[in-house]
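Below is a structure I'd like to ask you about.
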Amino acid sequence: MNVLDFARAFFVDSAHWHGYDGIPTRFAEHIGYCLEALAIAAAIGLPVGLLTGHTGRGGNALAFLATAGRALPSFGLLVLMFIWIGLGLLPVMIPLVVLAVPPILVTTYEAVRSVDPSPVDAARGMGMPEARVLFQVEVPVALPLILSGLRTAAVQIVSTATIAAYVSLGGLGRYIIDGLYQKDYEKVVGGATLVAGLALVTLALFWAVSRLAVSPGVRRSGRG
Amino acid sequence: MSGFFDLPSDLGQSWLGLVGLHLREALLPVLAGLLVSLPVAQLCVRFRWIYPPVLGIATVLYAIPSLAFFVVLIDYFGQSETTVMIPLALYSLVVLVPAIVDGVRSVPPETLAAAQAMGFGAVRRYFQVQLPLAVPAIIAGLRVATVSSISLVSVGMLIGNQGALGNMLYAAQTYGRPALAVNAVLTIGVLGMLADAALVLLRFLLTPWMPRKGAGR
Amino acid sequence: DNPLTGGKADGDSVVVGSNNFPESTLLADIYGEALKAKGIKVTYKPNIGSRETTYGLIKNGSLTVMPEFNGALLAHLDKKATPKTLEETQDAINAKLDSRLTLLDPAPAQSKDSVTVNAATAEKYHLTDKSSIADLKDIAGDLVIGGSPEFQARQQGLEGLKSVYGLEFKSFKALDTGGPLTLAALKKNAVQVADVFTTDPNITKEKFVVLQDPKNLFGFQNVQPLVRKGALPEKGVDALNAVSAKLDTKTLLELDTQVQAEKKDPLDVARAWLKSAGLG
Amino acid sequence: MIRIDAVTKRYPDGTVAVDRLSLEIPDRAITVLVGPSGCGKTTTLRMINRMVEPTEGSILLDGQDIRQQPVNTLRRSMGYVIQNAGLFPHRTILDNIATVPRLLGRSRRQARDRAAELMERVGLDTALAKRYPYQLSGGQQQRVGVARALAADPPVLLMDEPFSAVDPVVRKQLQDELLRIQEELGKTIVFVTHDIDEAIKLGTRVAVLRTGGRLAQYAAPAELLSAPADAFVEDFLGADRGIRRLSFFPSAGLELQTAPLVPADADAGTLAARATAAPYLLVTDPDGRPLGWSEPGRLTAGAVDRERLLDYGRPFVPGTDSLRAALDGAVLSPTGWAVAVDGEGRAVGVVSQQVIGEAIRAAHGRVAERAGEAAGR
Amino acid sequence: MIRIDAVTKRYPDGTVAVDRLSLEIPDRAITVLVGPSGCGKTTTLRMINRMVEPTEGSILLDGQDIRQQPVNTLRRSMGYVIQNAGLFPHRTILDNIATVPRLLGRSRRQARDRAAELMERVGLDTALAKRYPYQLSGGQQQRVGVARALAADPPVLLMDEPFSAVDPVVRKQLQDELLRIQEELGKTIVFVTHDIDEAIKLGTRVAVLRTGGRLAQYAAPAELLSAPADAFVEDFLGADRGIRRLSFFPSAGLELQTAPLVPADADAGTLAARATAAPYLLVTDPDGRPLGWSEPGRLTAGAVDRERLLDYGRPFVPGTDSLRAALDGAVLSPTGWAVAVDGEGRAVGVVSQQVIGEAIRAAHGRVAERAGEAAGR
């Protein structure tokens, strides 16, 4: 049996489509974890990134923090947080947020930093208050890059949220962990397929968002 | 057996031994990834149309949790380092290929035109101009790939003590010794940052030709 | 043998594996140290995972010796089997066991999976250590049961509880093999019922109540080394059988307590016991 | 009037970009700051709208220190145009231009109407309104930049090398348009360039700065050309100073001779009568447009061999063109005579290089007189 | 000689960049391709070293089709210099210059020696040898580009807008250096620019291309200025055509008058004797350097009030400078006379604008004669 057969077997098994261990439940749980983690990470990363990018200060400290964030192992943090905090969602959210903040932070910072200085200069020159300079000039121009940072973070979260299953939470990781211990390849492959699928859906969503939110003027002039 | 660096016997290694093992399990895949990425990226530069599909495949692979890879690979490579390293190598591709492609593509067209006009053939142009100029981008990619590889190795613990420093996490749980988990997380974090610093230093040494302002990220 | 297995079962070295729970590691250390005492070269591969995984590994030669629990092993090999005696268990296993593998003598020590409820649940439903699993019949629908992920799919797990006792729990929560997750979940009442090893020192400590198993779902669970045929020299076989002979449930519980409650290193515990038993 | 009063700017790194600069910038005129790269032009300009704060000295706008009003109010009262226009890439042309009116609280509709009006004023097709900046050529972008700066009808316009990124042909167009707009709107414009030709063409007054941010000379372009303050300014003005200066001498007073004009179909009598009028005759076509010079002896009535006529150079339009154009026409033709034409290109007379030379000397005299008067006052 | 023979280049997207272009590029001279943006200059240049392959037509180098030799051999026999120099940012200046010799198999030592030699030739301090390109100014980088192109001593040099990214002052230096190098080395240079002044200054011959890649005119600069082939070329040459053309008329033949020269310390007798020599006298200092003009009546022996002297404009050096400089000097001075000086700045005579005018006409005559001769042959 190859991987495709496992996947097919997993999806045609009707038992996998309902109940607390059914695909809809697990999928919803997974999306819930991801959205929550992404929201927290964005709530931390975006403002800090925008502010440091706008002022151009703190870039080095930020780079250090981001490297540190990337270097801390998500799985290790999960176990540590479980030991410290015990069962619950918090031990999962901490590593996911630590994982997702660096790409959001660094990309947002870089995105705002790398905005062509002349429109910004012009904006100041015409008497725009700093907040408007940031939100009406820098952010719209930096938006494609900012979104790409969020996208990277989102895909990483989608993939990494599977570790929630290790501390007995649900989500798509359940299939993978259970599959591992039960030696049930159908579950593992099925779960992995669902995760990859969700990642692709995430990519597509971000693509759609950037189509809608990014000004055609920036989209075309940016990458050509 | 309660000191910060005293490990339970079932880990079968000293702390230093685990550090060495961890580095090997994390760095070999990145090296392999780099060796694969270079030709793949060159193909992507040469034939623009293969870049999007290559990137798509890499992204899908990247989205598959490492544990899923492990489970499937155990059947072929057993409970071994190889099993842990293959997914890590695959993950590094998603970072390295675009980094190299962007690096090679960002070589100023006039520099390339100058090389062409001086009678550089395609091979010479690649090795003597494009590749050296892509070094900063490649190292930027390597930094991300290396750091995440170092942090990802720990998941290998789930398939039976194949997570190097990550194995301490299991011990921390079963023996109720949080210090071991702290040790593991910190050691892995510090290793990642040291590797990152080493790469920054490498970039510094390899690119005396770059304006020396700011440390970069 | 598959050269890619990465196992070190080559030539003279004996590879002793264990599952991912502390008792299994302790048993591996006991058997392994006993072999070492006889001058046999030993490599440990501890904490591998579930039986589903380790059985595959010993089959393909990555492992040489694996401490097993006979009833659980049988359930893995034959879900339908319902042996009444230790002999029947051994025969049933031998009938299904891979031809390259063999079982050595079983130890008197038993460490069973069990259906255990936490103190609150016991109080609420008036359950005592005299109560039976069958008593859960009416209330199972209100209870969440926890166990290792593999418990969900095993005969000696959810499947058996359903087919033998007719229990359908509200839901199953995947935890670990009687480890910290299970304890935490049971204590926090995240699950009301869980699979806990009968040798777990926490049972008394946390006032958990182990329910009786009148239909013998969890069968005999004698500690018994599973080995690859011909991979262990004669003196090794003798050494392991000698160990098993001296290992009873009380001893095992005591050793488990040293490791899990007193946080001693299993290897030290194993060596100390072997020495005291005159085997090391 | 903007009055820069003993202003010094020292950047944190110690660079003195502007050194005790004092300038009076008149209203409703174009004042150009010119000088080599790094001489502090941009810094000076940006101090006027407080994008850079002076280290010492003060800047007065209509007698009031610019630090007395809120910085954004000040900036909104000054249009700012920079190289490459600095357009907002994410906004359409119309919305780019409408930015400041919107900032000032005008409704979207009003702001857009105003923007459309301005597009026409700066010579942009309103069909471009919905485009994004990347869809425009460099010259068009620069026009948008000017329109945007004008949108709130600010009395002051600050322009920092606005045309230096476009090619010479477009640049000339943009300069001409700026002059036209200035004539129509009468803004106070401070214009930075490092191109002395541009400075002389556009400036009512030109301030030449030298490296280190010190003022070398501040004068009207004609005066700059005729009396550079020192060797630095003289060098900076380049070799063609004399001829370029002729741009400021009008050709209106030139005494044109009409006798040498003969139509191509002139009869023998006319030809004979004109033969002694001049060493050369200018043959014109039936509409009166010049065809070329000929020696009188070579002409025969009613049959002009156009091939044998001598080049008449580039004609000038008296009154509109300067003596520079007249002299250019004269030295371009082998005869040494320049041809004057009217707006439709019909020859209205000819003038010899010698007469042009006298006109130049006379113009010098007038300048000297005026200078004397000014000095006498 | 490079011979471009009815060459057409059509890019895959259908753009016709060059349209049936034929040009003969003489050896040991600078041939300039000039024209508006997008007219196919770069394409033409790149077809010569086969970085672009023509769609139709052929290019011959010394009579041999360039497609007959291996492409890299061909390219190594041609230096190539582009805007922003296109230096290898990862190599030191010395190694940048040594690139082609190394490619040709020279030892590292030899190549570096050669590179050091070339740095001097293009006016670069050898102290810069170990620097990287980012540490150099734009003008220095451009010099390195030229040195690198010269390193293998190729007979042909292709230059694509090499100086267009540097500021006007440095640009002039680079142009002068190119002329000097060309004089010393006698390379065959094909030079692309969109700046007509640069074309006229540098070109032995200038090819003006029009949009669409067609040749508008191919002539020596003086001819281009005096006889533009059509309105496009005339427009492209700009307004100052006549005066600019004077650059090609030598001032050597000008008849200088020495009578109006009087030393500042002249005695009354001398002054009286000179009084009628000219309407103005040029007062010189003891070394013979001009001080200024004065009407004879205003001078009194032994006491010159320098303040009251009239500006003598910008003197010219007969023989070295052209009639353009002489005329500039004449129109700059209120007297209408130009001052001639020798190399040390000592006045050697004066000449009136009228005489210059006659010289211009005479020069026109000579040009016409030569044109006639050429046509007659």
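Quick notes on this one:
When the chains are written out, they are named A, B, C, D and E in that same order, and each has its own residue count from 1.
As a working rule, a contact is a pair of C-beta atoms (placed from the backbone, for glycine too) under 8 Å apart; a residue touches a chain by one contact, two chains touch by 3 or more.
Given the structure is predicted, the values throughout are model-derived calculations rather than measurements.
Counting only chains that touch, the fewest steps needed to get from chain A to chain B is 1. More C-beta pairs touch across the A-B interface than across any other pair of chains. These two copies of the sequence, chain D and chain E, are related by a rotation of 180 degrees on CA atoms, to the nearest 5. On a Cα centroid basis, the chain most remote from chain D in this structure is C.
Averaged C-alpha coordinates put the centre of chain D at 26 Å from the centre of chain E. The geometric centre of chain B is 61 Å away from that of chain D, both derived from CA atoms. A separation of 39 Å divides the Cα centre of chain B from that of chain C.
Here the CA centre of chain C is 96 Å from the CA centre of chain D.
In chain B, the positions touching at least two other chains are 157-159, 170, 173. For chain D, the set of residues touching two or more other chains is empty. Within chain C, residues 49, 53, 180-181 each touch two or more of the remaining chains. Annotation, chain-chain contacts: A-B, A-C, A-D, B-C, B-E, D-E (touch as defined at the top). The touching residues of chain B, when paired with chain A in their complex, are 59-60, 62-65, 67-72, 143-144, 147-148, 150-155, 157-159, 163, 165-166, 169-170, 172-173, 178, 181-182, 184-185, 188-193, 196, 214-217.
On the side of chain E, the complex with chain B involves touching residues 49, 51, 71-76, 78, 80, 82-92, 99-100, 103, 132-134, 145, 148, 158. For chain B in complex with chain C, the touching residues are 1-2, 8-10, 12, 74, 76-83, 157-161, 167, 170, 173-177. Taken together, the chain C residues at the contact with chain A in this complex read 49-50, 52-53, 56, 146, 148-150, 152-153, 171-176, 180-181, 184-185, 188, 190. Only residues 36-37, 167-169, 194-195, 226-227, 239-243, 245-246, 311, 313-314, 324-325, 327-336, 353-354, 357-358, 360-361, 364-365, 368 of chain E touch chain D when the two sit together in their complex.
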